[in-house]
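Each in structure tokens, the structures are laid out below.
What follows is chain A paired twice: with chain B in the first complex and chain C in the second.
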Partner chain A sequence: MAELSLQQVDRIRKDLIRESINYSHLIHDLLDHICCDVEFEMDRGNSFEEAYTNIKKWMGKDRCRKIQEETLLLTSNTYRFMKTIMKFSGIISPALLGIAALFKIQHWAGAGIFMSLGFFLLAIFFLPSAIYVLYKENKGKRFFLYLFGLLSFLPLTAGVLFKVQHWPGAGLLITIGIGATVALFLPTLLYVKIKDSQRKDLNPVLTIGVVSGMVHILGLLFKIMHWPGATLMIFLGSTVFVLVFLPWYSFKVYKEKEYVTFEFIFLLVGVIWFILTSTLFNLNIS
Partner chain B sequence: MISRELLKGTLKSIVMKLLAEHGRMYGYEITQKVEILSQGKIKLTYGALYPILHKLEKDGDVVTDSENINNRIRIYYKLTKKGMRTAEEKVNELQTFLETIGSIIQTKLAFRNG
Partner chain C sequence: MKRLIYISGLICAMLLTIGTSFKIEHWPGAGILLTIAIIFFALFFVPAALMNNYNQEKKNAYLYISIFVTLLVSFSAALFKIQHWPGAGIVVIVALITPFVIFLPAYVVYFNKSPNKDITKFIAVMFLLVFVGVMDALLSVALR
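Showing the complex of A and B:
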């Protein structure tokens, strides 16, 4: 009977930690089960790598996370309730905000009501339920990533709402939102990416990407607040992002792949969208 | 292979019956036992087994203890007294269900043959 070494068990454990398996003793259950399956495959003549790859292929992507989700749904009524609230408010509030945008563009009456309602749902229902669900599913560093993401997103959305409704305090809210994005969310994102990365050679390029993104977003805030140095920051941030990060990252990650992946297309479209909107915004403001 | 839809409602009873018969068992052992007893017709997946075991633990039907084996922790599940009673009820319920389904299928066949 094959027996896995400490390093091999650790390798599987790290993969499970990366999937944020934290519910009760589920990680021990899954680790032992996967190890038993791998040992069985090794007894049939496969190497550890072959055996583990086969088991992972058989289990499918994010399978352990889904098992944790099913376990939480079955064992916790609060989780089930919060998940439902999160799903409903997560669908209804963007829909209301979308309708509000349409009404606003068409100059129809009622845009403000839809926008306020959408934001109310987002702040009162979606945000608390999402924080609870993400805490249950993730804990640790990933939880902080999502928490900071939500805490940056909320003042930003509120700022846009206040701006559109011409209520006082819009500038402050947008400043808080962008400040939280730059000071909390993006550094945590970089930390989590580097910590979880299986390829250490990507760390410098990821750092450049996140830092240039931070400079760019900070430049946008400076622009809105009419503070000096905005143009230089936007120029530096976007130039480094597009001319250094993007080619370097694409080369590193996609050179081994023979086909164009969806992630690559999303990355390109996302970058184009981001640069275009912020440039238009920049032109409009100036 | 027996379809997942057919198995869905009976898995809890199957797991409890095995635990009642074998005392303490760990997850992989349960899946292997089910596969052997069903001659490979029932394959318990990770996704089906662990939510059930954790639910049983939360309801107080099983307790766990752990052992360090081959560089990892193995969790053993064991029925509590309450779990023993639940297992008996569940197995009886399943037995009645199978007999009822059996009689329906039999009647249908007799009707066709007649």
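Showing the complex of A and C:
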């Protein structure tokens, strides 16, 4: 019977921790299970590396996360309830917003009701439940990231609603939202990314990306508020992001997979979408 | 092919950024830059990248098609609106609802069918759609 050394067990434990398995005793059970499987494979004559790779391949990506999610579902009623709420409100509220925008452009009656309802669902149901689910999944680890996310997203969406409905206080809400995004959320996101990253060589690239994003978003705020320096900030932010961050980052992750990854498509589409919408605003505001 | 797709995507993003800066400063040539960048992005990069990704597993073709259609319609709407081409109004209206009537149902079906339901990805996609919805709401006021 092959037996794993302490270092090998420790390595598997670290891999599990990296996959954010942190629901009470689940990690010990999974560790025990995986070690047994690896030892069984090693009895067939494989080395530790081969055996561990085989087991990982056999389990598939994200299998442990999935087990944790199922455990949470089975053990916690609140989690199950929150997840259902999150799914329904997550599907309904953006759809309502889209319909409301259509009604507004067409000047059909009822746009205001759809829009308020959509934002209401978003703020009261989707955001808190989504953040609860994410927090449960990464128990305790990223509390501040989610708190700051809520703090910046909530005023921002409320601000947009107020702006669209011409209620007073829109400017203040948007300023708070963007301020919290730039000062709290994005730096925390960068910190979490760097702390958890498996590839240290990506850190300078990510820092440049986040900082230029911050400058760009701040520029948008300046533009909305008609403060001086907005155009320069937007220009600097987007130029550095697209001419420095994007090529450098793509170059770094280019070799990771044989095919074009969804992450890359998502990144480019997101960037172009963001630049286009902010241009449309810019043209209309100035 | 993979290298070509990566490079073309990056070039599109660069052309677009330069084009928007030109547009905001009202320098000549902005229109051509933007048109080339958006058309090239929507008609070359997106389909090529999606095809490349699809060929890995050759599953869930409907999801890829819905993504392509949604992006094509949205980017043409932005192009029509920025360039003030006739018919922009209709294209914008179609673009406002496509993410919700074409992409969202396809994604929900895909998510319910997929064996490995990753809730974090679901939340990420929902946040993207919320972003699109909020932006739509703002644009609907700004574009009148």
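Everything that follows uses one rule, which is that the second predicted complex is superposed on the first by the 262 of 286 C-alpha atoms of A that agree within 3 Å, B and C clash if a C-alpha of one lies under 4 Å from a C-alpha of the other, contacts with A are read in each partner's own complex, and residues count from 1 in each chain.
Here is the rule we use: contacts are C-beta pairs under 8 Å (C-beta built on N, C-alpha and C of every residue); 3 or more make two chains touch, one makes a residue touch a chain.
None of these values were measured; they are calculated from a predicted model.
> Mind checking chain B and chain C on superposed chain A, clash or fit?
fit
> Quick check for you: in the superposed arrangement, does A:145 touch first (chain B), second (chain C), both or neither?
neither
> Please indicate which partner A:4 is in contact with in the superposed arrangement: first for chain B, second for chain C, both, or neither.
first
> Between chain B (first) and chain C (second), which does A:218 come into contact with in this model arrangement: first, second, both, or neither?
A:218: touches no partner chain.
> In the superposed arrangement, does A:66 touch chain B (first), chain C (second), both or neither?
both
> For A:42 in the superposed arrangement: first (chain B), second (chain C), both or neither?
So A:42 meets neither chain B nor chain C here.
> With the two complexes superposed on chain A, say which partner A:55 touches: chain B (first), chain C (second), both, or neither.
After superposition on chain A, A:55 lies in contact with neither partner.
> On the superposed three-chain arrangement, identify whether chain B or chain C touches more chain A residues.
C
> Is A:98 touching anything from chain B or chain C once the two structures are fitted on A? First, second, both or neither.
second
> Across all Cα pairs of chain B and chain C, what is the smallest distance in the superposition, given in whole Å?
11
> In the superposed arrangement, what residues of chain A touch both chain B and chain C?
Shared contact residues on chain A (touching chain B in one complex, chain C in the other): 63, 66.
> In the complex formed with chain A, which residues of chain C make contact?
Contacts found on chain C: 2-3, 5-6, 9-10, 12-14, 16-17, 20-21, 23-24, 38, 41, 45-46, 49-50, 52-53, 55-56, 71, 74-75, 78, 81-82, 89, 92-93, 96-97, 99-100, 104, 108, 116-120, 122-123, 126-130, 132-144.
> Help me check something: in the complex, which residues belonging to chain B touch chain A?
The touching residues are 26-28, 31, 46-47, 50-55, 57-58, 64, 66, 69-75.
> Can you tell me which positions in chain A touch chain B when the two form their complex?
3-6, 9, 13, 23-26, 28-33, 35-37, 59, 63-64, 66-67, 70-71, 73-75
> Can you tell me which positions in chain A touch chain C when the two form their complex?
60-63, 65-66, 69, 83, 86-87, 90-91, 93-102, 104-106, 111, 115, 118, 122, 126, 130, 133-134, 137, 156-157, 160-161, 163-164, 231, 234-235, 238-239, 242-243, 246-247, 250, 254, 258-262, 264-265, 268-273, 275-277, 279-286
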